[in-house]
Structures are given as structure tokens and as C-alpha cells.
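Each in C-alpha cells, the structures are laid out below.
After this come two complexes, each holding chain A, first together with chain B and then together with chain C.
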Partner chain A sequence: MAVCVAIIGKNNSPKFFTCLNPDEELNFQYKVLWSLDVVEEKLNAGSKGGTDLRELYLGMLYSLETHKIYGYVTNTKIKFIIIVDSTNMALRDNEIRSMFRKIHAEYADIVCNPFYIPGEPICSKSFDINIKNIMTGTV
Partner chain B sequence: MADESLFDFLHSEIVNYTLESDDTKNKEIKDEDLSTLEYIGFSTGYRMIERLTKEMPRFKDELDTMKFICTDFWSAVYKKQIDNLRTNHQGVYVLQDNGFRFLTKTFQWEAVFRCGAEIRCLHVWRYQR
Partner chain C sequence: MNKHLYEIPAVIVIFYDLDWNDPLWSEKMIECASRVQSMRAALEDRHTRITVVLIQNTLSLPAGEDLLASERAIALCSSCELNAQSLFVLPHGDHLQGYAVRLENAFYEFCQNIYHNEAKHVKSHKEHLNKNTHQYLYVRHQFKMGMLYELKQDVHTAHKHYTHAYNNLLEIRIVDTNALEIRTVAGFLNYKLCRLMFALNLPRDAISQFKAHIDRFKNRMGFQELTFEHYAWLSKQYSVFGDIFDEAVKLGLPAVQTQHPGIYYQQAAQYAIMRKKSCQELCSSVIAYPHPDPLEGANQLEFYGQRPWRPGKVTAEPPDPQVESNGIHAIQFLEKQINHSNIIIALYGLAISQYKTYRCPRTRRHLVLQMADEYYNSKDYGKALTLFTHMLWDFRGERWWEILSQILDKALKCAYLTANVQDYVLLALEVLCSLVTTSLDEKRRVYENLNRILKKQIPYGDPKLPQDVLQNAIILWQPVFSSQPLNFSLDMANIITCVETKARFTKSTYEVDQNVTVEVYIRSTCPFPLTFTKVSVTVNTPEYSSEFAVTNWENVSLNFHSFEVKRFVIEFMADANDINKEIQIGAINILLGNQAECCLDLKYTALPDANDNHVELLHFKYTGNNKVDFANIRPLSSATIVPRDSKLNVECIHPQPALLGEWYEIKINITNDEQFSIKELKIELGLVEETADVEFSLKPAGQPQKLPLALGRTDYLDKKGKYSTNVFLVAHKLGKYQIQIKITYTLNSDKPVFSIKTENIVLPVVQPFEVTTKYLSMLMCEIEAFHVEEEFAVMNYVKCLSPWPIVIENTSFKFISPVKSVEENVTSQLTGKMFNEEEVGAELNLALCEKSLLQNINIGQYTIKWKRQNGYSTTTQVTMYGLTCEWMPVGLKMVAPAHGFVRTPMVLSYCLQNRSRQIIQLDVSVEASEAFMFSGYKQLNLSVSDNTEDVGIQQDQLRALIERSVPTHLYVMPQVKGEPVMQTVYAPKKMTVVN
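Showing the complex of A and B:
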């Protein structure tokens, strides 16, 4: 079960941020900010490392005492970050990947909304509800 | 197929509507009309790209992105692939399409120019990364 999801645009501007516990919001925002550095590192290393990783999923970016951070970058340079509570239960890699796929599908849907202006933060209630459902695993 | 002609009609009507919406104003407003069309092209392109790239593996470099534009994106919009792609390996790419779908059916030169402007901006803007 994820505790926080963030969507960051291609010039590193925040597009969307939500977490289950509103008290920890600031804390999680900091964590998301640090993990952006790791994302950049992975993206740059991919071109020189020689590993033929042609996936959008970046894997675990950072592991803290209580939380783990996972990343995913789309081909249009939109970054999705998920923070997972590591004490909760051991989420398998496949489950994280499927969460990212669902978030990507939701994101593609919300971008197709003609009232959404490209470049602006996402403020849609239904999007918020859908992402929270994905986070809690009730889809 | 009926949907091709439907789309052509819609497309030419959008261009006409945008250009004729303010007959009383003088010629300087033509820039505004062009930018409305450009914005329509830009936002449509943006959304199409988000949908299309969802399933693709990651693009390793600029060449991959250009190949994607030339094959998948072009077939999705114009139902054919691009005829020629050239590059000077220094950031300039030339895409050549013989028989650009939106231009082969229009008669007036003004409409032709505007269609072209719309589509050109669609690509230029979307790929400024």
C-alpha cells in the first residue's frame, strides 16, 4: 500500500501530489524532491552504462528506515514517484509496476481532458479519488 | 471509409471558422487567428503523444524519438509513414512527406498555408524538450 504519490512534469515542476496522511505531507514532499536527483542519475547513467534497459519503470530509487521510494519516467519526461511504507507489508516488484501502469493510464486520461491546460498542476477531484484508490489497492 | 472525409471536413471548417470569426477587424488580427490554430494543433498533438507513448519502451536517444515520430505518430495521424528522414547529426532533422494529407485536398492557398502552419507547430512545440 503506497502512502504517497507525486507526479512531476518534464521541467521538474510539480503537477500533482497526494498522500494518505496529511500531517506528513511536508516530509514526503522533501523525500520526493531528493528522489528527483536519483531519477536524473538513473536517466543519465542509462545512456552510458551499456545496460539495455528500455523500460519506463526505474525501480527502487531510495530506501529509508521506514519508507521506500520508487520511480517511473514516461517517454514524455513526466516522472511518477511512489513512496511505500516498508513496515506495512512486502510489496512485490510486480505490484509496484502495476501501480505505475495504472497511474500512467490515469494520467493519460486526465491529460486528454480538453479543460486541462498542458503545463498546469492537475486539480481534478475524480483524478484524486482514482489515485487514492490505486494507492490503497482498491481498484 | 467515411471517417476520413469527416475528419477532412471538420478540419477545413475549423480553419475557416477561426479565420472568419472576426471579419470586421483589420489584417493585424490574422496573427491571433494563426495562434488559435497553432494552439489547437499543439494541444491535440500533446494529448495524442501522451496516449501513444504510453505503451512504448523508453527512447534511448533523439534518433529513437524521431523514428517514433516518423513511423507510429505519422501513421496514427496521416495513416502513412514518412517518406524520407534526413539528419546532419547536429540536431537538424528534415522530414519529407510526399502527399501531405491535409494539403492534397484543399484549393485555396491561404487555407493550405494555415493547415501547414498548424501541423508544423504541432511538432515543433511538442518536441522541445
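Showing the complex of A and C:
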């Protein structure tokens, strides 16, 4: 179960942000912001290799005392960030990976929605519910 | 530690001036020995090694050869009680450096031995120790050994001993009373270990050692009352580790983004904050320093980390509660005196610089914010405000509105508390923006404060701020409004505000006599109504910038409700000086407040937002009932002023294409179709691409003029008036030429407007005709070579290529030597003929060549004088290139009547000519064809010379001569009826030999 999910646009502005405990949102935003540094660094290192078919899943970005942060970047440089409680041992790498894949699918759906304008923050309610479900693992 | 580092030497070196052959040898030896003795006495029982170095002026011989030297050396050693190895000689000669290095190595070796022995000595103590009673000593001994080995520069062994010491230390049970001591010692050991591991190039081990160390001691708080001490220790651990790490990085250790010193400095800062918090909790009640001073003698303690009020006591003894609490009070009191914020800020500073090095801009920003928070906490609002405003920019750029809102809130407080009006207003405008997520109540408060400032009233402070702070702020605010009207110019270019603007030119080009229109759209996203006093636009031209105020006041008010968009129009006349220049909207200025009290000049740039990359998609956005779709207005911030579109009608009449070499006439007719009469009309003609192949003139066949050519001018032309002129040109090369006609004039309207009209003509130039030359023999057969003195015909064909009919006025041949014409009265056969396209005319002229030629050379000019129908006559010269000319010694010519009659005799005479200087012998035979009978010589020999071979005529040359000179056929007409008139019968003539 993740505690926070963020979708960051290609110019590093947040498009979607949700976390289980709304009081901690600001704190999580800072955490996501830190991890963006690592994402940028990884992307820069990746682009030097010149491989187009790179792995979208970036793995663990930060391991803090309380939380672990995972990252995933689509080919269009949309970044997905998941924050997991570091006490949560049930989540393996594979689960995180599949969680990202589900979020990616949800994101693809929302982009296909003609009422959504790419680049704008996502405010769809159903999207929020779907992501929350993915976070809590009820899907 | 101090003892070993600074007080006890390992080796003592006594330098003494003494030569082996010194005259006062024995006295000096005794003096030296006494020095050594006194030194030894001073050292007591330490294991320090004493050595003596003799500084000598004379160069000594190799060892063993100088008997005196070795003898005296032994004597010296014995008198000083030294062994022979401790005596050195330093000759004061040329190669001082070499000797110095050798001495250094020797001393180094001694040191190492000494420390090794010391360490062994310490180790020998170990046997006497008991694990249960001497736990502390175990640690002490191991540490000592580690230290000694480190001094010996044996890093590996030192590391081993430190590790042992650390492990021994971990075995000690930690209770409140000894927590500080163990923590301190563990800190030392950990520092040593990590340092050595970095030195051994084991950074991973160092980091994991440090992490394990922190994990072990994190929860060993010690006294509840002294938690801050624990946090101070943790903070110190982190910052020290950061230092070691940083040092290692400077020595070449590569650090990465996720593992670098900055992380540790950041942690250190975090613990420093916790220290501060616990200090605030625990020390607030302590007011006075207890008496008597329980901390007396804190610096002279024998062991690190023990409490001064119970030095050297073992844990087992029960502490005296009164002394204990006094001591704690004293420490708490001292803690309270410390400026924590400074420590925290310094640590943040270190961390920020590290994060900057390791490319973590966002983390760095976060740290800067925390630093700003700390400044805020330490009541340094000015610095905090500076940091906050710097950070706002980045978050704005990346659109983290929530974080931005939080920062704005803090920054606004800082601005309020420092009474910084300009920043306060700027931040207030930003807070009121719809994107900022501050609560509506808060926004209302800010809005009211903004209005108060506009009325020169002190704004209300945040009710959440403590009272005394507010009091100070109000005192600061008072002088701000006492001065004259406040005027601020605020640059809104880089911030998001509650007022958004867009400006655009309605067209990308404006003609000089048109009004330039600028549309300004203003949207207020403030949740409360806003009223402006003025809207204007600054327009920049390359030379100057000017400000234009909104012109459509009447129908648009300057009151804005929430999310209202209004359109303002600004119109002005373009300046004629700006023709072909770009004008730009430099800024949009909105005036808020009134001039008398407080007035804010909000300055926006007109440049489009570079961040929007999917502007097209905004069309899908639902804009509600707003009339103006603000999001979809594309700013157009620059426009070009162009000359006005001329309504002059220019007609160029000319029969295309031009023919090569002719004077070609272009007629230009200008009709004034403008609304007004015009004056100062000038016509200029030029070529688009400069070339020397075309010449212009005002008259046919006139003097070529320079370009651009002024074709004509008139001072006045009526409405519907006409003006015409013409120009002549001659092209010397084929091709296409672009001719530009530029007409400049001034319009006779209310405001004289200068106008330009250009007209381009594309003119192809073609050849009028083509001349081909053929050379024929007298028998009208084409020949391949001329022969000297033999006549030939020059046949010129003129093929007309021009689409227009061409009249040939005259033609003439002009031969140059050695070719000459053989015709006396030449009249051109083509004169007066007219040719249409593709028609061919031919002309023949007889000529002969007087000299043999080996090359096809220029034999003359063929001149054609021609013109178009109704055109101007032109002369074209064509060069004729001849054939090679061969020399034949023999010439042959047959003279025959034009025709003969059946059964009527006619005379054929063959004329043979010898052109050489020799006599030629020829065999001539004449054979009749079947149709003829003939009389005369049938076969004869001619003019026999002495030697025939010299002339060198080949038989086939003669045959060719006959073929080209003797006609093969003759017309024979039927016999006329009646009496045939006998033609003159030639009497057979005697052959004469031409000399």
C-alpha cells in the first residue's frame, strides 16, 4: 500500500497529487520534489546512452528513514512517483512495478479523454478514485 | 592523546657542529655528551630515542678509510652513551638535499620503531586485565594502540585496533550516568574509524560503519533532562562525518547524487533543530546558574566525557541526587545561552553548497526554505524574506502552487514584519491570484491590507503572530507612510499575479498612414473587485519608446470583478520614420491606487509565456459565458511598419523578348489612381542583380548611363493624371534580366504621406538570328580545305530566330588577308528582305586565299545591318572562320560555254598553271565520253623539268584537283531549227609554257 502518488508533467510541474493522509500533503510534496532531482539525473544519464528503448521503471529513488520513494518515467517524460512507508515490507519491487503500470494505464486513459487538456492538472474524480484504489491495492 | 601528539617526542635529534679533525675535539666531545645527558635526564623514563647529528664543514672520506674519523666516532658514542647507529654526520657541502632526505628517512624509521615498541608495551598490559572489572581499560588500551599505530602511519593495524576498541566499548552497559562518557568515546572512535576507512579507500565501509554507529546510539538518550545534549552529539556526529566525507571527496573520492556530504550536513541540521526544540522544552524553567559551580574543573578532567561533579567514579556508586540535579541545571543553563539558529543555519549553508555541487536543485531549494524558516525563527525577517522571494521564482516556474502558497504566506509575514511595502504589495498581489491555494479568509485579509496600503494606512498584522512581534512591526510601519506619496513601480514579468494581461497588435504589418491598433486584455483572478486608475502600453521602436494610454475609456470601466476579462484598445498613428522597422510592445502598465496617496505601477511584459507548449489545446477548454476567451488570445508583441500600399498604376509597354544587341525600348505609363493628387514624383530604374551586360540609355544608341537611372520626375500629377517616359536598353549577353522600376512620390493629402511603388520587369534576351557559313568549290560542292589561288564560294545562311519579323537592311563581307574577295561590285543579295521566325536567307560571295594556312582562322567579318519592323536599326557582326588552305603547285581550270548544242562543236579549254618555281612535267590525257567526239590533243607531255621529283605531287592530289576543278557535266541543248549559228571555232592553239 502506497501512501502517496504523484504525477509530474514533463516540465516538472505537478499534474496530480494524492496521498492517504491529506494533512501530510505538503510534506510529501517536498519529498516528491527531492526525488525529482534524482529522476532528472537518471534521465540525463540515460540519454547519453542513446537507447530509445529504455526501462520506464526507475527503481527506488530515495530511501528515507520513514519512507521509500519509487519513480517511473514515460517516454513522453511524464513522471510517476510512488511513496511507500518504509515499514511496509509487503511491497516488493514487482508489486511497485505493477502499480506503476496500472497508473500508467490510468494516465493513458485520462489523456485519451477529450475533456482533458494535456498539460493541465488532472482534476477528474474517477481518476482520483482509480488511483486511490491502486494505492490501497483494492484493484 | 595530547600527550602523544604534542608533548612526548619519539626521536630527539641533537645537531652539533663538530669536525673529525677539530682542534678542540675532546672539549667539544665532552660538551656534546653533556648536552645529550641533559636531554636524557629531561626525558626521564620515556622511550624516546636520542640521536646526534654532527654538522661538518669538511667532506668526510668513505667509511672505513678515515681511521681518525672512525676512532673518534666510537669515542663520541661511548661518551654520549649512544649506539653507533644513532650517530650521523651531515657534511655541510654541495649535496645538502640528498643528505637531508637520507637523514629524514632514518629518523622516520626510528619513529616507527619507537611507536611499534610503545604499542607492544601497551599490549603487554593487556594480560593483567580482567574483562569484568576493566571494561573501560580494554577500550582505552585498544584506542591507545590504534593511536600509536596511526602515529606510526600503519593505517591497517591502527584500523584493526580502533575496531577492537569500538567493539569493546559496545560491550559496556549503558546507563544514564555513563551515557555521555560512552557516547563521547564512541564518537571519537567512530571518527577515527571512518577517517581511516576513507583513507584506505573504503568509503562504503565508512558509510555503513557510520550508519551502524548512529543506529546503535540514536536511542541511548541518557538523562531525560539532558536530551538536547544527545541531539547535540548526534548533530555533531553527522556534521563531523560530513566533514570527513567532504575531505575525502576533495582528495579525489567520487561522490554521487544520492550519497554525498550534503546529506549528512542536512541530517546534522535536522538534529540541531531537535536539539533546539528539546532545549526550548527543558531549559525554559532554568533562570539562574547554580552555586557553587558544579562544572568547575570541566576542562581538567582526566577522562573525556565524564561529569565534572563526579570525576573518575564508577557507575556502581549511587549518585548524590542534589549534586546531580545541580549539575544538570548548570548544563541546561549553559545550553540556553547558545544561539541554536546560528548553528542550524551554518549547517544548512554547508548542506546547500554540497547539494548544489551534486546537482540537486530542488533539494537545495527545500534546504534554502528550511534555512529561511530558521532565519524567521531567529527573528531575522529581512534575510528570511530575501531567501523566500528567491525561492518563489523556482516554484512558480515549476508550478507547485501548494508549496508556493505556503512560501507566500511566510514571505508575506516577513514582509509585514520588516515593513517592506514594495515586497508586501507584490506578495499580496500574488497571494490574491487564483492559482494560489490560500484560504479565502486569508485572501480577504490580504486584500483589505492591500487596500489599506493604497490609502496609506498601516495594514493589519496576521492575528496568528504573537503580540510583541506585531507591536514591533507596527512601529516599523509608521514612518513608511509619513513621507510623501508612495509610488512604486513593480515588475510583474516574472511573477504570477491576480491581474493577468495580454497585449497584441491586430496585424503583423501596418502601413504608414494607418492607425496602429494595440489590443490589451486584462483579466483579474482576484476573488474581490479591483479598480485600476490607468492602463497604458509602452511601444518600443529601435530608437525610442513611447507610452500610449488606452483610448476607449468611454465604454470600458476599470472596475474588475473576479474573473472578468476586459478589452482595451489603444490606437496611434505610425511614425513615418519607422518605415521598415519593427515596433514592439515593451510593457503593459497598469496603475493601481491614486497618485496623491499611494500608487502602484504594475509593469507587465508583452512576451508570450514560453511554458505553454500546447496552446492549441486550450481551445477545448470550457470558457463559460465570458465574452472574451482570455486563454486563447495569442499575444503578438511585434509588428512592422511598412510603406503604404501605392495605388499608382504603372504600365510597362515593351515587345518581349529583347533581341541581343538591339536598342530595346520600354515605355512606362503612370496613371495616378490615388485619392489625391501627388507631387514630387520620381522614377528610378535599376537592375535587381547588378551586371555589366545590360546598358541603359535615355535615347536609342545613346550614351550608356549609370545605374540607378533617374528616368524622369514631375512635380505635380493630378488625380487621374498620366505621366509617361521611356528608356532604352541594350543587352550584350543572352539571359534573363530583372529590371526594377521604383517610383517615389508624396501624396497631397492633409498629412503628406511618402509612398513608394516598385514594379519589376523580367526581361528575357534572345538571339535575333543565327548565321552559319558554308564553303563551296566552284562546282558548288562543299569543300574541306581551301587551295592557294583557287577560288571558292562563301555561302552565309541567316536564320531568323526572333519571334518578331526582322528586316535586313544591308549585309557586307569584309575579308582580311590572306583571303580576298574576287568580286568587284558586290551588292548584298539580302537587302530589304524581311524574315519571319524560322525563315532562312542565304548569300554567296567568291573569294580566294593567297597563302597556305594550317589552321581554321578568322577570314573576315560578315556584317548585317538589321532592325525590327518599326524598330531601330542595329548592326551585328559575325566572324567567319575559314578552312585550312593547301598549296598545289599545279592549277587547273576549264573554260567551257554555259551550254552546247547537239551536233554542234564547242570549245573546251583546259588551262593548266604552274605555281611553283620549278618546271613540272605532266602527262595529260583527255578521254571523251561516249556522247562526244572531240578533236585536239588526246595525250601530251608538258614542260618537262630537269628533276620532277622535287615538286612532289602525288597522283591522288592531281586526281582531287581534277575532281574539284573540272566540271563533270555540260548542258547540251537540242539543235536549233534553221541555220545553226556556228559558234566561234577556236583554232587549236599552241600550248604555251608558263614560266
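Brief remarks on what is shown
The rule is simple: the second predicted complex is superposed on the first by the 131 of 139 C-alpha atoms of A that agree within 3 Å, B and C clash if a C-alpha of one lies under 4 Å from a C-alpha of the other, contacts with A are read in each partner's own complex, and residues count from 1 in each chain.
Simple rule for what comes next: contacts are C-beta pairs under 8 Å (C-beta built on N, C-alpha and C of every residue); 3 or more make two chains touch, one makes a residue touch a chain.
The model shown is predicted, which means the values in this text are computed figures rather than measured ones.
In the superposition on chain A, A:92 makes contact with neither chain B nor chain C.
Judged by the touch definition given at the top, the superposed model places A:75 against chain B, while chain C stays out of reach. Of the two partner chains placed by superposition, only chain B is touched by A:107; chain C is not.
Contacts of A:118 after superposition on the shared chain: both chain B and chain C are touched.
Shared-chain residue A:41: touches chain C; no touch with chain B. Within chain A, the residues touching chain B in one complex and chain C in the other are 114, 118. Of all the residues in chain A, the ones that touch chain B in their complex are 10, 46-47, 53-56, 73-77, 104-105, 107-108, 111-112, 114, 118. Those residues of chain C whose C-beta lies close enough to touch chain A in the complex are 257-258, 359-363, 365-366, 398-400, 402-403, 406, 611-614, 617-618, 620-621.
Within the complex formed with chain A, the residues of chain B that make contact are 42-43, 46-47, 49-51, 53-54, 56-61, 65, 129. Across the interface of their complex, chain C is touched by residues 11-14, 17, 25-26, 29-30, 33-34, 36-38, 40-41, 62, 114-115, 117-119 of chain A.
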